[in-house]
Amino acid sequence: MHQESKTIVIQEAGKVGKGRPRLTAARIVPIALFIGIILSLGLTVDNFFTVNNGINILMQSAALGFMAIGMTAVLITGGMDLSIPAVMALGGILGSMYMRSGGDPVSGALIMIVVGVAAGAFNGYAVAYLKMIPFVVTLSTQAIAMGACVMITNSQSILGLHESFIDVVMSKVWIVPTPVLALAVAAAIVALLSKKSLFGRWLYAVGINAEAARVSGIPKKKVLMGTYMFAGLFAGLAAIIVTARLMSASPTMGQEGVVLNVMGSAVVGGVSIYGGSGSFVGAVIGAVVITLISNIMNMAHLSYYATLIVKGLVIVVVVAIDSRSKGK
Amino acid sequence: MKHAESPAAKAAAFLREYGFIAILLAVIVGFSVSTNSFMSMANITGLLHSSVPLAIWAAGLALVVMTGSLDISIGSVAFFANAVGVILMVRQGVSPAIAVPATIAIGALCGLINGIVTVYLKVNPLITTMGAMFIYRGLALQLTGSRVISVPQGLRAFGNFRLGPVYTDILIGLAFLVVMHVVHKKTPFGRHVMALGNNKETADRVGVRVKAVGLSCFVLSGLCAGIGGLFSVFQIGAVTLQMGTGLEFTAIAAIVIGGISLMGGEGSIFPNYVLGILTLGIIENGLNHLGASPYVYPFVRGGIILVAMYADSLKRNGKPRVLLTE
Amino acid sequence: MTAPYLKLTEISKSFPGVKALNAISLEAYSGEVLGLIGANGAGKSTLMNVLGGVVRMDSGSIEIGGKVVDIRDPLDASARGIAFVHQEMALLPTMTIAENMYIASFPLNKVRLIDSGKAVQNCKEALDSLGFSLSPKAKIKELGAGDRQMVEVARALLGDPRILIFDEPTSSLSEKEKNRLFEVIRKLKAEGKTVIYITHFLDEVFTLCDRAAVLRNGEVAGTLRVEDMTYEAVVKLMLGKSELTPERGASGARRSAGAAVLKVSGLCRTGVFKDVSFELRSGEVVGLWGLLGSGRTELVRSVAGLDPVDGGEIAVNSGGALKRIRPREARSWIGLVTENRREDGLLLASSVRANISLASLPDLLSKLWPFIDEKREKTDAAALVKRLDIKISDMEQSVGTLSGGNQQKVILSRWLRKNPPVLILDEPTRGLDVGAKGEIQEMIVKLARDGAAIMVISSEIEEIMSVSDRYLVIDRGRIVAELDSDASKERLLAAALGAGQGAKP
């Protein structure tokens, strides 16, 4: 077991040598460490390495992965979006209510996405043009969105979604659930765009040095605005998956623990909270790792509370390593 | 060019400085007019009574915010500290005379850990205390076995004890806040808190021990969380599983509504912090009297947070820029 | 005259590679104001840091009041009665004047709480004694720059120092505030204090000081009584005898300038610069010559569309005719190489390639799909690396690992890649070694020869003279002179030192 984790470190370290400065020790250590922990835990728990369990874990990670992609974009700009889960819940609830009242599933899904993008536009406008602090803005958005969720549902679940909605979203391609496939495709596209598209290049430039980007003529405000809208879009996409999986929507979808998971996914995936670095694929892997932690502890009959402690520690430790390597 | 300001600009400036008072007055007048039970003596004491735990709970956080930092773990810290305290009393038979100080000490210890990680290991305070929030909550749930634990009968009475028409904890809470106010306004430590909130480098240059002050604020935040939690537990009569959930955001809301800037360096216990706490309490109480569904509260609170945050950012952007940078 | 109160003898201090102070001897008397003048790097700040206990001298001695003293740290300095008023103010904006004054040592009452009454009373007395009627309870953020400066002075006076050192205290003050500060300084002088006044501005020396010492290259070039002072005399001391003859550097003969590509008229920004007008023509290098704090960096930032302006017009050459543009649009016409390449120039963690293409990513989009054409990005960047002879091992090497000169060339490449009609360079060779300096200077001249319109800011007079075809002289936010390429060093220096504005009384 110990050896396994070692080889991973070496393989990863090999990439560093080839003049790729983006893979620093601070990024590799946590990921390698966690894969090591997971492998070792996995070997001690029965039925862990089964195809079913694997697919199950990926399925559980899907929505988290979408939200982590959105969070990653915002973190790269040096900001933070605490409202992602709450916005996801609000979108899910509104879309579900529309479907419950007889609306068609496509429009229902579209509502979820539009709610997400609209909330993102609000966050982006406040951060980019009103120059408010991201933490403050998204905390407010989170409070309002959660408040709205509770208010319009009276804290009840919205049941009675369109069956075709659930069937389509939860369908499988061979043995792979559609949400998992969708996440893989989305992660691939976003990763490609982040490296190759104009917006992707601007995004990293703003995150690495916003002032240098501005001096070089990059429209910083538009980039910020677009980034928060992107995060909202992915919150909306996550809403589709969560509502279909739960076959309902409720305010608990957006509870605080989810923020921890989303932040945790990005951070464990090597995204720096100080901006400018991090990969989207990394964040998705982070989402799987975070899900795995819950899953393993669950199978090992450790309490739910122990997973809270572990996740909390993981985030603090990883960020502490990142802080040290950045000298902040 | 002060004389060149239009009346509208003056009004805006006034609102920026004293907006929270205007909001509070509007809310009080509104509820008094629209309901007849709101302005009753019983309601007012009841309102103050129910505001006391939060008022104590977040007082330390107010100081942390004034240094320009943040602590969102106070809900969990209170839960953990009080879970330990109550378990000591109920299961181990420890006397309250020991268990109560132990609770407070555990709160302070949690704060100390947060402070060390933030101030000395230089981890972003939001991340530190977000992690801490889950760690302490996890510990507390583990400890209580996720069961509600009731406090001994004698202590429960203490939480709702009255002297005439007034609950004793209102008096204790008031005394506590006065002490915090004096610490903030009248001790070098309190003034150094404000210096940190202005600019840590400048504070360092003029001789403030920046790290020690920052750390102390986190300890104080944990300490207040422990004490505030005690008051809550005594009022309710038990440590519940949801204790302190979402409290950090409510607390930050109260702090911002009171006009304490999240950028640090501004604000006071009296009047800012206290008015912020009261505004939140009054709004919920008033909505209750209006017969509004309790499910409306979070949304209204969210709206108020947004307005308060926006007002705060206006206040900052209105500051004169330093022009010559060389 | 009596014996000097402060006597510095043969003070030397070396930093790795530099002799910052070379056997400096200076005397300052009680009841006098001694001006300290010198170009950047002449040793003024090192000397003051020695007095303030921030750095330790290698050799020499300091006598105060006839006794040799040892100043090891800032506490020692204040114990010896030395106090500083810095240009960069150390005030806490949301706190009151009284709190700012006593932040490090509040007066406490019997129960160890702050005695605010006493603090306010003491503060009031301190302000009154300066002839100053501010409420001690006023918050710093409500005060103007002049009032803030007074608070700094009052705080410096708290320990009742005998020696007061003012380090460029007027850089952000208005004329009125400046005069008030001068009155306070005269008052301190009348009380018998020793005042050392560091400044760039000769007119201030004329109005305020009794004597002035001119530093050059870590040595005292001369000490003048103010009655004997003229601009010419000071400039001569600052430049040194050997450098009196003006010499043209790499630019050689004056180039023929083409059409105007940028016309700035009446540009203002309140409190920063005022009524600035000039033209830039293609094929010429214009030197924007001014001292630190003259507003030169602020001006070019506004011209380049990075900072707002309050009035005036900017016009650029668009298809042969000058077209007026909104100041904010200037960013797409004017390239600015900022003075701090590590702070707002480079993406240090990114590759050489990404840094070179940073300003021209939209031009690099592929025609087929919405992706950056990385092949073109790479070949273009490689061509520039070759053209500017940038020493790298790999296009993917992170810029943070390059030397200063190569970093600066990367930024230049960035703008060459975008090729805006106007290029402004703010301190393009700061912190570079001699070889890299020369290379960059040659490159600037060559760019202009190829048709670019270039403006250069430099603190080094030799540098600006070697590249410029003509000069704009800026002094406290105003263009005070336009000089031709044959202007002498003395002329340039005198103009920047204030000969253009407040003349000798």
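Each chain carries a letter (A, B and C) given by its place in the written order, and its residues are counted from 1.
Following the convention adopted for this analysis, contacts are C-beta pairs under 8 Å (C-beta built on N, C-alpha and C of every residue); 3 or more make two chains touch, one makes a residue touch a chain.
Computed from a predicted structure; not experimentally measured.
Enquirer: Look at all chain centres (mean of CA atoms) and spot the one farthest from the centre of chain B.
Expert: C
Enquirer: Report which interface contains more C-beta contacts, comparing B-C against A-B.
Expert: A-B
Enquirer: Between chain A and chain C, what distance separates the C-alpha centroids? Give it in angstrom.
Expert: Spacing between the chain centres: roughly 46 Å.
Enquirer: Where the CA atoms of chain B average out and where those of chain C average out, how many Å apart are those spots?
Expert: Those two chain centres are 45 Å apart.
Enquirer: At what distance in angstrom does the C-alpha mean of chain B lie from that of chain A?
Expert: It comes to 30 Å between the two C-alpha centres.
Enquirer: Which residues of chain A touch chain B in their complex?
Expert: Per the stated touch rule, the residues are 80, 126, 130-133, 135-137, 139-148, 150-151, 153-155, 256-257, 259-260, 263, 267, 273-274, 303-313, 315-316, 319-320, 323-324, 328.
Enquirer: Inside the complex, what are the residues of chain A that reach chain C?
Expert: For this pair, the touching residues of chain A are 19-22, 196-198, 201-202, 204-205, 208-209, 211-218, 276-277.
Enquirer: Across the complex, what residues on chain C touch chain B?
Expert: 90-95, 99-100, 103-106, 108, 112-114, 116, 141, 171-172, 269, 271-272, 292-293, 295, 297-298
Enquirer: Touching residues of chain B toward chain A in the complex: what are they?
Expert: 70, 117, 121-124, 126-128, 130-135, 137-142, 146, 245-246, 249, 252-253, 262-263, 293, 295-303, 305-306, 309-310, 312-313, 317
Enquirer: For chain B, which residues are in contact with chain C within the complex?
Expert: 182, 185-188, 191-192, 194-195, 197-199, 202-203, 205-208, 265-266, 319-320, 323-326
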